[in-house]
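First subunit A sits with subunit B, and in the next complex the same chain sits with subunit C.
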Partner chain A sequence: MNPKELLFSTLRHEVTERAPWVPFAGVHAGKLTGVDATEILTDEDKLVDALMEVNRLYKPDGQPVVFDLQLEAEILGCDLVWSKDGPPSVANHPLADTMNIPCRCTLPTPDAGRMPMVLSAMRRMKAAVGETTALYGLLCGPFTLASHLRGNDIFMDMYDDDEYVKDLMSFCVDSGKKMIDMFVDAGMDVIAIVDPLVSQISVDHFEEFLSEPFAELFRYIREEKKVFSSFFVCGNATRNIEVMCKTAPDSISVDENVDIIAAKAVCDQYNVVIGGNIPLTSVMLHGTQQDNMKFVVDMLAKLDEYKNFIVAPGCDMPYAVPVENTIGAAQAVLNTADSAEMVKNYTSATFDIEVELPDYENLERPLVEVFTLDSATCAACTYMMGAANVVKGTFREKIDLVEYKFTEKENIARCMKMGVTNLPCIYINGQLKFSSIIPSTEELEEAVNEVL
Partner chain B sequence: MSILNEISENLQKGKAKIVKELVQQAVDEGIPVKQILDEGLLSGMSIIGVKFKNNEVFVPEVLVAARAMNMGAQVLKPLLVESGIEAVGKVCLGTVKGDLHDIGKNLVKMMLEGKGLEVIDLGTDVPPEKFIETAQNENCDVICCSALLTTTMGVMQEVVDAAKNAGIREKVKIMVGGAPVNQNFCEQIGADYYTPDAATCAEVAVGLFSA
Partner chain C sequence: MKFYLITGFLGAGKTTFLKNFIRLLAPKRIFLIINEFGKEGVDGKLLREMNSVLAEINNGSIFCSCRLDKFEETLATAIAQKPDVIVTEASGLADPTNISHLLSKYSEISYEGSICLADAVQLPRVYHTAVVAHKQLAVAGLVLLNKTDIAKPEQKEAARELILQANPLAHIEETEYGRIKSDWLKHLKPSSAQEMASELRDITLQKSTLEVSFNMSRDMMLHCLKQLSESTYRMKGFLKLADGNFYADCTGPDVQLKPWQGETNNRLVLLAGRGMPLRKAIKQALSWYDKYLTMIKEDEHDG
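Then we have the complex of A and B:
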């Protein structure tokens, strides 16, 4: 079963051999290729290059193409403030001072705003990896879009003028349908409706204003477009999980503010898949590779079987998430049993294994040491080892090359002794030269030449 | 039910017009202004704060309650000035530079006002020097910084540093909050208090003035 089929199988509510993995690398994709968030969201070639790198290094079963909840707002007249390390923010609200409903003639079209770039990137990704990777098309949920257009007054409107809120929501549903048409046409396999503000309202308000619009969007995706759907929410949406399920998406995605195992019990009653919820800041951004592996291993250990569950970050990953942290999370999903063993060995208090490090000052020839989680199973490790093998082929007996896999206890002890924290990485003559990001053949050759 | 209870209950339901009328009625009945403020308006807002913290009410409920409080407070304001009653303390508040999110910041403002504090709202995208300048010029005792983004929370460190450089670090307390912020981060940047929600922020802030 290829990765995409595995994810589809989960979305069809079947039991699978492992849990599927969907890293939400939105602007973070740019970190892999050294381009900033603004470039990722405005330059098609840079976006596609970065997404291909996400696909190569993180081995996703499914991946989003663009994670930008401001796409529709921009088309509908909001000004955006751009950032180099995050998605843009909405700077003003066209309906802040007027309770009008915009003309349907302003709804998104393939030519509007950044849509040409986004749709073309989707088509290119579909052609490049669409056979094996499920592609997610993300649209801004109707409630968050309504707040982009109206501003915070939308919350008070729920008390003051419920008809206006319903009319505005209806406009936003129509906008959503236009986006869905375009995304499905561009080959997207899963349509995710991302509505972070859902966590800010009560169950009563959800039922009064959101239930019908969301149910209609998911019906449209399921019955008229015949693709899978997902409902993304951020923040503490615990109380709203059940009403979200009742709108009948195929899946729901939550962040670390929700107890995912408790929420899964609710979702299971409605046969809805739940995905999440590696903590974005404390684990992905500020944690270590081991923390990320451990979080995923521990989360998966709480499941009775791999059914109705997707492993994913809590939401759009921060730009600066260390690459090795996502690689660690990926490894833990793709090879859970091995990873559990690594985490156990790493965290076990005593290491009675004596490791002798090479005498780096007096080597006979340059020594290239590749530290990997396991080059046989971890994609990034495979490429890191592959790059080293190519260079070994060039330099032959002039250099020594060795791989240390983290699957061996002795190698964990070696990593600890050398202070290696991020895998995969390459040391040359005992010095860290490349960490997580795979060097090109030229870069690696140059690094070897420096010490020859 | 006493009229003060009625004010509190209607405030909690967001009935701004009724609250305004009841406050005027209470004034006309000769109830001391400070008592109307404390036992009617602030007590109602305080209950909303607790319910918000406990996930019993959410953003819309807080916003309409705060609007009702402000409508009632408008009636009392000239009378409070006349009687020489001053705010418990003064706080300057803003979402840090690079960040335009203001829902959380606005909730904090309402909760602070609900505790009888005077709040200078600097809005969003506030540079560190603006916080410091305002604290100095307006004589604020507390600076509250909000951030929703992992990429902007770092600006809070700059606020702390700017306060040190301006020589007012000992005089002001710096409070931080927002989705990505936590206690560790607060300690790491040398801020004084992290609070996980708007209601707790107001409780801690008002505690600083009564200490």
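Then we have the complex of A and C:
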């Protein structure tokens, strides 16, 4: 079963051989190709290059194309403040001083704002990886969009002018439908409605203001567009999980604030898939590769079977997440049993295994050492090893090449002794030269030439 | 260095208050961290006159309580500059629950507590729609009931009632135009409600006890406490769990589950006040964690 089919199978609520994996690399995609968040969200070529690198290194079953909840707000007249390491923020609210419902003539169209760039990137991704990877089109949920337009006053309006809030929500639902039309037309397989503000309101208010709009959007996606849907929240949405399920999305996605295993039991009652929730800051951004593998392995171990469950980060990944951390998480989803063994060895092994390091000062010829999780199963490791093999083919007997797989206890001991922390990586003559990001043939040849 | 957290919902008058607060703290060197694009910010001129620094956090994920890293980065910058005082103005939608935990990592910082601005006229409206309004009040040591000049007496009374519902031990001062007096600061405490259980005894006190299974994991318990914390002002228990013994010690939304060496009885005591949906919250927790929790007794008139 190809990766996309595996994810579809989960979204059809079937039991699968492993859990699907959807890394939410929004602005973080830029980190893989060395471009900043603003460039990723405004430059089509840079966006597509970065997304291709996400696809290559992280082996996703599904991946978002653009993760920017300000896309519609910008079209509807909000000014944005741009950032180099995060999505832009809305700086003003056009309806802050006027309780107005904008004209439907202002709704997003294919030539509005950044839509031409976004839709073209979607089509290019569809052509490049659409056969094997499910593509996610993300739109700003109606409640968050309403608050972008109206500002925090929306919370007062809910109290003293509920009709206005309902009318504004209805406008935002229409905006959502326009986005859905365009995204599906551009080949998106899953439409995710991302509404972080859902965690800010009570169950009662959800039912009063959000149940109908969301149910309508999910009905539209399911019945009229015939693609899959997802409902993303972030923050502590625990109290709202059940009412979210009642709006009938195919899946929901939550962050670390929600106990995903307990929430799954609730979702199962409604036959809704749940996805999440690798912690963004403590594990992905500040943790080690081992922490990421362990988190995923432990989470998957709590499931009885792989059904109605998707492994994903809690939300849009921070820009600076170390690449090796996501590679570790990917490896743990794609090869769970092996990863469980690696994590176990790493945490429990006493490492009384004697490892002798080469005498790096007195080598006969340059030594290229590739440390991998396992080049047979981890995509990034395969490419890292592949790059080394190409260079070995060029230099032949002038250099030595060796791979150390982390699946062997002895190699874990070797990694510890050498201080290797991030896999995959390449050392030349005992010096770390490339970590996580795969070098081009030229770069690697140059590095070898330096020590020849 | 001292650290003050300023919270309050949109329009409660945080910016005006900040200008007054900065003047009150002068001539101390202040590092001000602002977490929101205000309509009208604290201007640079005032800060320069006060020999102080302003940092704005441009946070696209401002709603997301799991992205504290941006705040921590700015905090590290602030600490490096060694100001006398750090003042942080949180966004109207920011969840202040974890601030004392977060700050406990920095030995240089002395957390003085949280000041919450509440709009005497608007409070009931945001209180009933934005769940975070309740949390901001619950962790505040000092609540400034602002704009009392334009509020009717019954509006002020209604606002007071809500504040005390969220935080029965909050110290409330009435003010206008965000004015603050220095002697009000003595009422600030890092957490306002440690002695709540003993001090609060009236007929509206709700008390319940849950029995916790030994099989429950720490992670699960932590999530469960967070879930219940929105509807309680105090939870306490000495628990033997699957991965060790823990002391659950929660005040309002501030949830702590610390390793514990002493005896355990696996009873979690929950206290809530008037208007708090404790029964509903317990019902939800029992349905989420049915294998691990049992209700022991429910006594709404505990003396």
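Going forward, the second predicted complex is superposed on the first by the 451 of 452 C-alpha atoms of A that agree within 3 Å, B and C clash if a C-alpha of one lies under 4 Å from a C-alpha of the other, contacts with A are read in each partner's own complex, and residues count from 1 in each chain.
The criterion applied here is as follows: a residue touches a chain if its C-beta (ideal position, glycine included) is under 8 Å from a C-beta of that chain, and two chains touch if they have at least 3 such contacts.
Remember, it's a predicted structure, so these values are computed and weren't measured experimentally.
Applying the stated clash criterion after superposition on subunit A shows that subunit B and subunit C collide.
When the shared chain is aligned, subunit C comes close enough to touch A:P279, but subunit B does not.
By the touch criterion defined above, A:A91 reaches both subunit B and subunit C. Contact with neither subunit B nor subunit C is seen for A:M244 once the two complexes are overlaid on the shared chain. With both structures placed on the common chain, the touch criterion links A:V370 to neither subunit B nor subunit C.
Once chain A of one complex is fitted onto chain A of the other, the partner contacts of A:V266 are limited to subunit C, with no touch recorded for subunit B. In the superposition on chain A, A:P318 makes contact with both subunit B and subunit C. Number of subunit A residues touched is higher for C, counting subunit B against subunit C. When both complexes are overlaid on chain A, the residue A:S83 reaches subunit B and subunit C alike.
In the superposed model, A:V190 makes contact with neither subunit B nor subunit C.
In the superposed model, A:N152 lies in contact with both subunit B and subunit C.
Touched by subunit B in one complex and by subunit C in the other are residues 81, 83, 86, 89-91, 152, 155-156, 158-159, 200-202, 205, 235-236, 238-239, 280-281, 285, 318 of subunit A. Those residues of subunit A that touch subunit B in the shared complex are 81, 83, 85-86, 89-91, 152, 155-156, 158-159, 200-202, 205, 235-236, 238-239, 280-282, 285, 318-320. Interface residues of subunit C, counted against subunit A in their complex, comprise 9-11, 37, 39, 58-70, 92-93, 95, 122, 124-126, 128-132, 219-220, 223-224, 226-227, 230, 284, 287-289. Contact residues on subunit A toward subunit C in their complex (touch as defined above): 69-70, 81, 83, 86-92, 96, 144, 151-153, 155-156, 158-160, 196-197, 199-202, 205, 234-236, 238-239, 255-259, 261-263, 265-266, 279-281, 285-286, 314-316, 318. In the complex of the two chains, the subunit B residues touching subunit A come out as 14, 55, 57-61, 63-64, 67, 98-103, 106, 125, 149-152, 179-180, 182.
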